[in-house]
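Each of the next two complexes has subunit A plus one other chain: subunit B in the first, subunit C in the second.
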Partner chain A sequence: MSAKRLQLLGGVLFAAIIAIPVFVESRFILHMVTLIFFYIAMTSAWNIPVFGGKMSLGHAAFFGLGGYTGAILYVKFGVSPWIGAAAGVAVSLLGGVVMTLPLLRLRGPFFTLASIAFAEVLRMIAIDWRSLTNGSVGLNIPFKPGWANLTFQSGKPFYFLSLILAVAVVFVAYRLRHSALGFHLRASASNDEAAQALGVDTRRAHFIALLWSSGLTGLIGVFYVFFIYVVEPSTMFSLTLFSLQPALNGIIGGIGTIWGPVIGAIVMTPFGEYLRFYLGTIQQGLNYVVYGVVLILTVNFIPGGIVSLVRPNRSNRSDGSGSSSDTQEAR
Partner chain B sequence: MELIIQVLVSGLLIGGVYALISVGLNLIFGVVRIINFAHGEVLMLAMYAAFWLNKLFGMDPYVSALLVLPALFLFGVLLQRVIVQPIQEASANMQIFATVALSLILQNLALIFWKGDFRTVQTSYAMSTLEVMNIIISVPRLIAFLVALASILLLYGFLKHTFLGKALRAIVEDNTVARLMGIKVDRLYLLAFGLGAAFTALGGILLIPFSSVYPMVGGPFTLIAFIVVVLGGLGSMSGTFLGGLFIGVVESFGGTYVSPALKEAIYFGIFILVLLVRPQGLFGKGKGTEEIGLK
Partner chain C sequence: MPLLQVKNLTKRFGGLKAVNNVSFDIQAGEIVGLIGPNGAGKTTLFNLISGILHPEEGHIILDGQPLNQLSPPRRSLAGLGRTFQVVRPFAMTVLENVMVPLLARDPHMDQARDSAMQMLALLRLEHLADAQPDSLTLAQRKRIEVARALATRPKLLMLDEVLAGLNPTEISENLPIIRQVHEQGVTIFIIEHLMDALMAVSQRVLVMELGALIASGTPQEVTSNECVIKAYLGEETPTC
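Moving on, here comes the complex of A and B:
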């Protein structure tokens, strides 16, 4: 497909996305597409450190930190969510520093393991610190519609807000990937020693990537809380919802690429919601079994994700030589 | 003073079980070099097996080990053959995805078949205690500690003195050279995974008389086992044993003097500290630990 036709297709697609809320009144569809936008943003933010081979399964930590900050400031202190969003980013950045600094010396699996533990610790604190977080019950966002309160009668404002978030995060990811930082990260992913030998400060690169990732995830968390009106530990710090889900979207679409997370979120969000509503009501837990099976099949048969099917000549080879050769593909 | 000793003793007792579970992980991790995030789920399955054998046939949990251990040995072999072997050469991230998926599947299958209830085995000895110099010792916990210690020693002997054991240790130290020496590495992977699963299952059997089982019970144990293995060092049985005791004692003191709710925060702190100060572990001997991220 030529560049011109691709641009045309993109334009048509974008017009359709803008037009959906104008013509479609179904709350269900609006909600679903909004959710897809949120997951595109989340997965793309999660994916930034993956350029450098650092795979976190604890991003719920940043999501929860952002969401809790926004909600606590609004509910307890009456601070506008817009200021709360800035505070949420600051707090999740702080979380990013706390998690990342000690872990910069690690790579691969131990980073992943520690990231899971980090999110779990935050969940425990959120349950334990009742005076601030209201424990396991959590906080409800009072329904006072208006832009100042980031609360709306209709589903349309959040449709556009989440769309803006998704576009912004994908844009940031794109810019980062094609910046010097992006090249440093990819060099580190394919061979860290070689990159260092060439004078690349790979630790610094990983650190910056993780800060971008945690800050953006925190920002998404704030908006998400106002989207669902409630913040509570088992949802916000949920391993399956906000740590595994972005990772799953990522691998289905193609980790370490720009479009992989987008495609993964578009494919997996409706699939996940379908499973949750239909299988989940028949039999609690069945949806996650299906998820697990999909994940194992993906790892075995299309480790490069959907993106690698679209451009098979650039797909990765899992030759096992590097710790994360799978992040090096489809550039 | 008495309280301190009491807390120390209960920490050591549970630490023995942690050591046993971690020895299972160390075998799998050290030999197969796979990051098995589903380790705790093997423990969960063993606990359920013991629970159901007791519930349906009135079998004593300790007796049920005779059935449960071989069953989970086979289960471990099966996991290695079906799930792990196809991705043995894939990157670490792919392996993590596969074993996380496995853990998700096992947890939720347990939820589907056995519901989310906390289940306990009722035995005549669950509440019995010994009193030694004003220190109260729970009998099932003491049994757990002693059996764990004995089985770790047994494994130690096996690894040290038998041909198979030596072959396994050779793989831990350098699996390429081991392969060059004519060791059937792939077959020993099956053995290591099976043995690792069986040892972990034994941990579950020892836990069931004094703790409940539920689908998500394994999660914290996976974390504990990884911390202990990192602490003790890859391929070191004595290191793992001491690491297990250490975590047990820390948890016991933390639970008594700080807050039981922040247990995981304490584990996390230790984990980070060890990785920073001595990433190869206190007694580590595995060559090429960088390759699995221990750097």
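Moving on, here comes the complex of A and C:
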């Protein structure tokens, strides 16, 4: 697809996005598109450390930390959600530091596995610390509509808020990828030893990337809580909803790229909701079986994700370039 | 004062002494070759100096600064550049590959792009700036490796078999580059299996066998040294 046609397509798409809440009255569609925006933001934030090859399956940790911080401050202390959002970012950044420092010694799958454990531990804490979190029942956001309370009668404000979030996170990811940090991360992902020998402090780069990612994910978590009016451990720290889903979106769209997470979220969010409604009622967990099959097929047949089909020469070379010839010259 | 001082360096892998009590100096402005049979410990020595491996004993001093406690990126910032025997360029364009070390020193994108272009011109790679490295020949990828290392503006550049695996035409293209880099004022420490090429560029040659330094001298001295000949031809009970 040529650049001009892509631009045109983007323009049409953007116009449609703005027009949807004006012309469409269906709450279902508004809700679905809002959810897509949230997932675009989440997946793009998740994707930042992936530039450097660090794949987390524990991002629900940051999502939950942000969401819980915003909710607790509002429900228990009457603090405005807007201030709560800043606090949520701060707490999830702290979570990012705690998770990242010990985990950065781990490579590849070990980092990924340890990140799952981190989110699970936080879920347990959220269940057990009843005085603060109200245990597994969670906290409800009281319905007092108004911008100050980030609570609305109509679905439209959150439609635009989540759109702004999505655009902002994609923009941040874009800027980071094309900065010195982005170069360091990409270099580390393809050959960490060489990057270090060239003076790149790759551990520092991974650390900063994870901080961006955790802070942004915490911010999204705060807004999400006010979107669904409730925090509870099994939702906010959900392995499937907020740790696996962003990873799945990213892998299917194209990890380590800017547009992969966007496309992945657009495709997978409605698909996932559809599966959950129709297959979930037949047999619980059946939808995840389908997810698994889709994932296996993607990784096998289009390892670069959907974006690699659009731009086959650019985005699908995320690893192991020239590996076939390495064996030759090693002899 | 020598540019590089290596003192009593020892590295064990289990019971094997891969580098055994090795000491030598490299003076600023030299081109020093390092030869030895397969498994002699040449690359291990490079890895110790660049910080990928840590020695059990010994000291490494670059330009008066002890390197032992520094991480590999710190050693690079201190003026130590190296290439790898198995070239694996980053999965980005040739130009971007060379920008990586520059951006590790100064995050300004435009400056890095300009400097990287100059570096590519020096190594006659500028026409390939936007190419993906995995579409290039081995000789070209080895040049990218040199360009990247050179972009760190090293005081000492360690080249690990930058000519191995190339055909004679490619060698005659890449060999002058080593001299050219040297003329820019960079001190060079080079591992090479191709004796002719190494002897042609080196002012001094170190010889390793079984982890130990067994000879040092001009190319002529080394090639006529009996120990070296025995090390290469093999002998049941080495007397050296």
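Definition applied: the second predicted complex is superposed on the first by the 306 of 331 C-alpha atoms of A that agree within 3 Å, B and C clash if a C-alpha of one lies under 4 Å from a C-alpha of the other, contacts with A are read in each partner's own complex, and residues count from 1 in each chain.
One rule holds for everything that comes next: a residue touches a chain if its C-beta (ideal position, glycine included) is under 8 Å from a C-beta of that chain, and two chains touch if they have at least 3 such contacts.
As the structure is a computational prediction, the values presented were derived from the model and not from experiment.
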{"item": "If touched residues of subunit A are counted for subunit B and for subunit C, the larger one", "value": "B"}
{"item": "Subunit B versus subunit C as contact partner of A:Ala114, first or second or both or neither", "value": "first"}
{"item": "Partner chain in contact with A:Ala187 - subunit B first, subunit C second, else both or neither", "value": "second"}
{"item": "First, second, both or neither for A:Leu244, with subunit B first and subunit C second", "value": "first"}
{"item": "Contacts of A:Leu57 with subunit B and subunit C, given as first, second, both or neither", "value": "first"}
{"item": "First, second, both or neither for A:Pro145, with subunit B first and subunit C second", "value": "neither"}
{"item": "Which of subunit B and subunit C A:Val289 touches, first, second, both or neither", "value": "first"}
{"item": "Intersection of subunit A interface sets (partners subunit B, subunit C)", "value": "318-320, 322-323, 325-326"}
{"item": "Complex contacts: residues of subunit C adjacent to subunit A", "value": "50, 52, 71-73, 76-77, 81-82, 84-92, 96, 99-101, 103-105, 107, 109, 112, 132-134, 138, 141, 148-149, 151-152, 164-165"}
{"item": "Touch list for subunit A against partner subunit C, complex", "value": "178-180, 183-184, 186-187, 189-191, 193-202, 313, 317-323, 325-326, 328-330"}
{"item": "Subunit A partner contacts - residues on subunit B that touch it in the complex", "value": "35, 37, 83, 86-87, 89-98, 100-102, 104-105, 107-109, 111-112, 116, 215, 223, 226, 230, 259, 261-265, 267-268, 271-272, 275-276, 279, 291-295"}
{"item": "For the subunit A and subunit B complex, residues of the former touching the latter", "value": "53, 55, 57, 102-103, 105-114, 116-118, 120-121, 124-125, 127-128, 240, 244, 247, 251, 255, 283-286, 288-289, 291-293, 295-296, 298-300, 303, 318-320, 322-327"}
